[in-house]
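Below is the structure I would like to discuss, written out as structure tokens.
Which chain is which? They are A, B, C and D, in the order written, and residues in each are numbered from 1.
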Amino acid sequence: MEILYAIFIAPFVEMGAYPDLFIQALWDGFVAGTLYGLIALGFVLIFKASGVFNFSQPILVVLAALSLVSFYQMGVPAWISVILVLIMFYALAWLVERLILRQLVNQDGNILFMSTIGLTFIIIGAAQWIFGGVPSAMIVDELGFPNGSLEWPMFGGGVYFEMIDVSAAVIAVIMIVILAVFFSKTKIGRGLRAVADDHQAALSVGISLNQIWVIVWFVAGIVALVTGIFWGARSDVSFALQIIGFKALPVLIIGGFTSIQGAIIGGLIIGLGEKIFEIYWGPLLGSGVEGWFAYVIALVFLLYRPQGLFGDKLIERV
Amino acid sequence: MFYRETGQFKSKYREELAAFPLAEDKVGIAILLVIAYVFIPIFGIPGLSYEFTMGAIMIPVFIFTITTLGLNILLGFAGQISLGTGAFMGVGAYSCYKIMTIFPDLNIIICVILSGLVTAVVGMIFGLPSLKIKGFYLIVATLAAQFFLEWAFIRVAWLYNYNDSGGIEGTNKEMFGLIVSGPQSDALTRYFIVLTLLVLLTWLASNVIRGRIGRSWMMIRDMDIAAELIGVRPLTAKLSAFAFSSFYVGISGALMVFFWLGAAEVESFDVSHSFTYLFMVIIGGLGSITGSYMGAALVWVVPVLIKEIGKTVFGFDAFVMENFSIIFLGVAIVVILIVEPHGLARLWQITKQKLRLWPFPY
Amino acid sequence: MSENNSVLMEVKNINLRFGGVVAIQNVSFDIYEGEIRAIIGPNGAGKSSMLNVINGFYHPQEGEVWFNGEKRPSMEPYQIAKTGIARTFQNIALFKGMTTIENVMTGRQLKMNKNFFWQMLRYGPAIEEEVEHRRRCEEIIDFLEINHIRKTPVGALPYGLQKRVELARALAMDPKILLLDEPMAGMNVEEKQDMSRFIIDVNEEFGTTIALIEHDMAVVMDLADRVVVLDYGKLLADGTPTEVQSNQAVIDAYLGVPH
Amino acid sequence: MKKLFIGAIMTIGTFISTIGLSLADELLVPHMTYRVGPYAANGTMVANGFTDYFLMLNERDGGIGGVKVNPEECETGYKAQVGVECYESYRGKNALVHTPNSTGITLQILQKAPEDGVPILTMGYGLSAAAKGETFPWAFNYPASYWSQMTSILSYIDSQSGLKGKKIGFLYLDVGYGREPIPVLEELGPKMGFETLYVPVAGKEMQNQSSHWLTIRKEKPDWVIMWGWGAMNPTAIKEAAKTRFPLDRFIGNWWSGAHVDTEALGSKAKGYLASSYTTTGTSFPAIQDMIKYVVEPGKSKTKIDMPGKVLYNRAMFNAVLIAEAIMEAQKMTGKKMVTGADVRLGLENVKLDAARLKELGLEGFTAPLIGGCADHENGGSIFVQQWDGSDWIRQTDLIPPMTDVVQPLLTAAAAKYVSDKSGWQTQTCK
């Protein structure tokens, strides 16, 4: 009986008793969710356009944040550093296409996936070699993002909104809109979709597969940079950031591997779900359930809706 | 010239179904066994210190070969990708620890095998989603297993007997009056036990994959729909692959803790290890038993050698060499996938083909 | 060529839909024991879907399948395979990672049952079973004249040979009824002749009932005892090749239209 | 082509044959470091401080007792398994003492040490029970165990606001290291009348602590004690500030209060407390010598701004203790090339009293440390320091541990540790 009370009633009583805390939890879940969504977005872009499940997206986030900060520490002005990072990512996209993807055209999806694990290791080793392991603070102020926090007093407590989190949410939304428009309205975007649908067909209408791959990897790099800036601002810039990348996999399952909106909505479901669950139900299980709770949500989705919320249903043929 | 099948005719199917139909292969295996059982125990590896050879190379490589065999059964033969190998090794280790505390007098080898069986059951449970989902989606299911188990190894204090350290430790275990496990055991004793288990498990695995059950796994791997229409029940095939694979992985986990590390905590079973084992399978060769040996040896030994050579010959510091070996692993994966997606094993096979013809390249 | 006309299989009022798309609409026909039955029709007529219904890969929304004089309950494909239905596929569905002989051996899976324990030891009953079934597979391989590629991985084989290996695999199941989905698609004349000869040989020597889908009308008219014509998921005609050939609806819908 | 091939084989052969040959006439002090991996920021400082001290001794004094020291690094990436590999690689090489630099690695090699005859010094980490020298002859955790530290922190809190009726939040990294002090909290909670809120942070969630801090906000503890490491620390401090938790009621253990944790935050971390047993700053002559002989000439990887920082100085003290033990061992045995067993004796007889500290150029750097046979932790005292926005400032005098609480716990834990181990080697002390 007590157990039932603890599971079904007490958490809700608590939510009602401290509404400021509940709203804060929702906000934190929302911000975390947007950032999970951004990581997932990087996966989706590349998967959509090339069918490659790019395992190296999380390390790209780390690489972007680290090199941005390093350029700045070398004395380059903040916004010039951003441009330098973008140039670097373009070069990286080109190299990846030349040296890896081009050599693996028409290989099985699993093989491409594994090659991106290899790429992850190459980047980890090289970046650690170059940047060392010392963490640094993200240069948010220097980039001109608003500082401080908003306070909304209520019910004897208050809800705090960090300005940097607000910026993160706003920019994430803007990015989604731009990417959605890019994919549906521009020539390159439509080309990307054609490639995703059928490599051969895309080739036959004169779309260069190689070029497209470079572009999507570059765009995924931009997304990685944005993710890196905001997640770096939440803690600091170090290799430990890549661990958060594992959170993006359940997001993909929920949102579908090919849907841009799905990435964000999946991110929000995971972000909100795990925060609320951890705070109100976690103590029953000895806390620390966040690490796998996202995966459980994803598994439930998989069993009932294997294609994700926005994915296409597959009809099997023989 | 040295390696040819001409003139070796089989008059019975049974002979052709033997593990090594070619006489040269039989000789080769015999030589390898002699090296493993006689040469290395007596001489070690020339140029390396004996303790280092045993403790840092031979024993871990044999243990990881068992892991790789297990993962290869699942990934290479049954086509089900898993990133939960690390945690499944943990299941083996923790259950072996529990069995040892509950039955302190039980022979440790029996403990190890029982813990393999426990892992097989756990693997089967976490393999259930594979019936419904495929490919990349299965990665998520197995990662869920990985993270849930990691959490359980920390939260469920019963698993580590409420030790303050939160870890599990091996103690001295005797068998026929000889200490075979624990801090006082001799490396050579542990070497022989691990080696013997490896040989035995290799033999069992090669039997299973050449028979009915192994074929059903490969059918599922190559074309699951066709397999089902021919009469393979996906439930049985997939779950038996998960179980058999986890059995190996569990045994290797128990061996890792009680015949090599001596103690462990959850960190020895985390997701980064799952990746290492995946690399062993890919580099060695998907769907190849020989490849499992090659992959485990290469992925384990090369970084060790890189570090040693870098340190002693070039005087590079550990930091540089560590990063260098991380890069090396990454490059090795990419190159292998580009050059020969079937790994070292296939390259070896191609070499053998060439030897068959040598010195006449036609 | 069977004369006694006992019905081996009958499909009754099959309706199959995918979402809103109707694939098969109220189709019924039967297959006699020992005959060669052809299913023809233009692309998208529902022929392959029909085979998929027969061997249980698709579950029709309405309709019954009668086999061996009994109404078949709803079953999973692997259970249906056990009842003695084997098939080949339109787009070859061989196990690419395995050799020819291994692929043919997969056809014997259902007949093997020695447990894990013996399999692990590969000794005693397990090896005896393996040898016994291996013998039967080698016979089929001899019969289909593919001995020279026994140990070649099937992925490396030319198209025509792959089709033949697939036939061998289906035959290894010792089926009561053999479903062939476009066994001669993409073959040249010589290969078609070979394949036709094998189909007739199988039918005559093993007495296997055969249902096949084929586009090449000349082949169909030569091989088949009776022909079913489907068009847009509906049954258009059913009868002997000559009857069908002279059916006006068929001529309009299919034969008349250049294909 | 053939020549090239043979050449390559021969070169590889030479490489391999050089491996495993330990150079004679060097005191080998292996050092397990982690300059890579998620904890690299901390590991780099630790590795530098440790290595630089020995390099300085080599440069300034020509080593210890005239024999050069080889402080060889073995990179572990903070992974236990790699640590064991490191350990194995030193077998048969006459290593003098092992410094695993990780509680996880310590637990794995603890049982092997007696067999190999090489002591393990886990300064400020490792198994608390190793303080019992009679049960653990080969393990040392000078100058204090985690349990002693926890009681000192609790006395500090008691002196600030009283403990009775208070709620203490315990935020810890959810690994062996973070869980170590839980028995002390469980024992002392009822005795001293405080309630504990346990908030574990999984390694994967280190940088994602918003829900942990929401829990803290929900439960409203009066103080929060942190057992964190790596990126967990700055994230926690940031989240504390975000949830408006008063930072001067937030106290880290000695691994949660270093410059790497707070520098990037600057004034945002102002007020945050941490315990320590070593002083910061470069004003000590010994550190000046390190800068002069090693850092400035560029003989190590240390950047010029590293000496004086918390972790650098602390790792240096670790090296000081080892150097003293080696010297003591040389004195006791009369040999220059001592062995691991000799150094074990050296560690038990080390005498770092105020006079000796002054002689070493470390006056007031830390509490005096007198080695003992039965007591391998020296019941060390700690002090509390506070981040003022730009540096760590020492706030208190030395706070001794509650010996009466810790000792029985340690005895019981040591007994439990050996209870299921047959043939465990103990010693009796006079």
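In this text, a residue touches a chain if its C-beta (ideal position, glycine included) is under 8 Å from a C-beta of that chain, and two chains touch if they have at least 3 such contacts.
Keep in mind that this is a model prediction, so the values were computed, not measured.
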item	value
Third chains touching both chain D and chain B	A
Most remote chain, CA-based centroid, reference being chain B	C
Distance between chain centroids, defined by C-alpha means - chain A, chain B (Å)	33
Centroid spacing, where centroids are CA-atom means, of chain C and chain D in whole angstrom	72
Length of the line joining the C-alpha centres of chain A and chain D, rounded to whole Å	36
Whole-Å separation of chain centres (CA-atom averages), chain B against chain C	41
Set of chain A residues in contact with two or more other chains	128, 246, 286, 288, 291, 318
Where chain D touches two or more other chains at once, by residue number	35-36, 174, 200, 202-204
Shared-contact residues (touching 2 or more other chains) in chain C	57, 89, 93
For the chain C and chain B complex, residues of the former touching the latter	55-57, 76-78, 81-82, 86-87, 89, 93-98, 102, 105-107, 109-110, 112, 114, 116, 119-122, 126-127, 129-131, 134-135, 138, 169, 173
Chain D residues touching chain A - in the complex, by the definition given at the top	35-41, 43-44, 174, 198-211, 214-215, 217-218, 230-231, 234-235, 238, 242-244, 260, 264-266
Chain C-facing residues of chain B, complex	12-14, 17, 204, 207-208, 210-216, 218-219, 221-223, 225-234, 240, 287
Complex contact set, residues of chain A against chain D	14, 18, 21, 24-25, 28, 31-32, 128, 132-137, 149, 160, 162, 231, 234-236, 238-241, 243-244, 246-247, 274-275, 278-279, 282-283, 286-288, 290-291
Chain D residues touching chain B - in the complex, by the definition given at the top	13, 15-21, 33, 35-36, 72-75, 77, 79-81, 84-85, 88-89, 91-93, 103-104, 107-112, 114-115, 127-129, 174-176, 179-180, 182-183, 200, 202-204, 301, 413, 416, 420-423
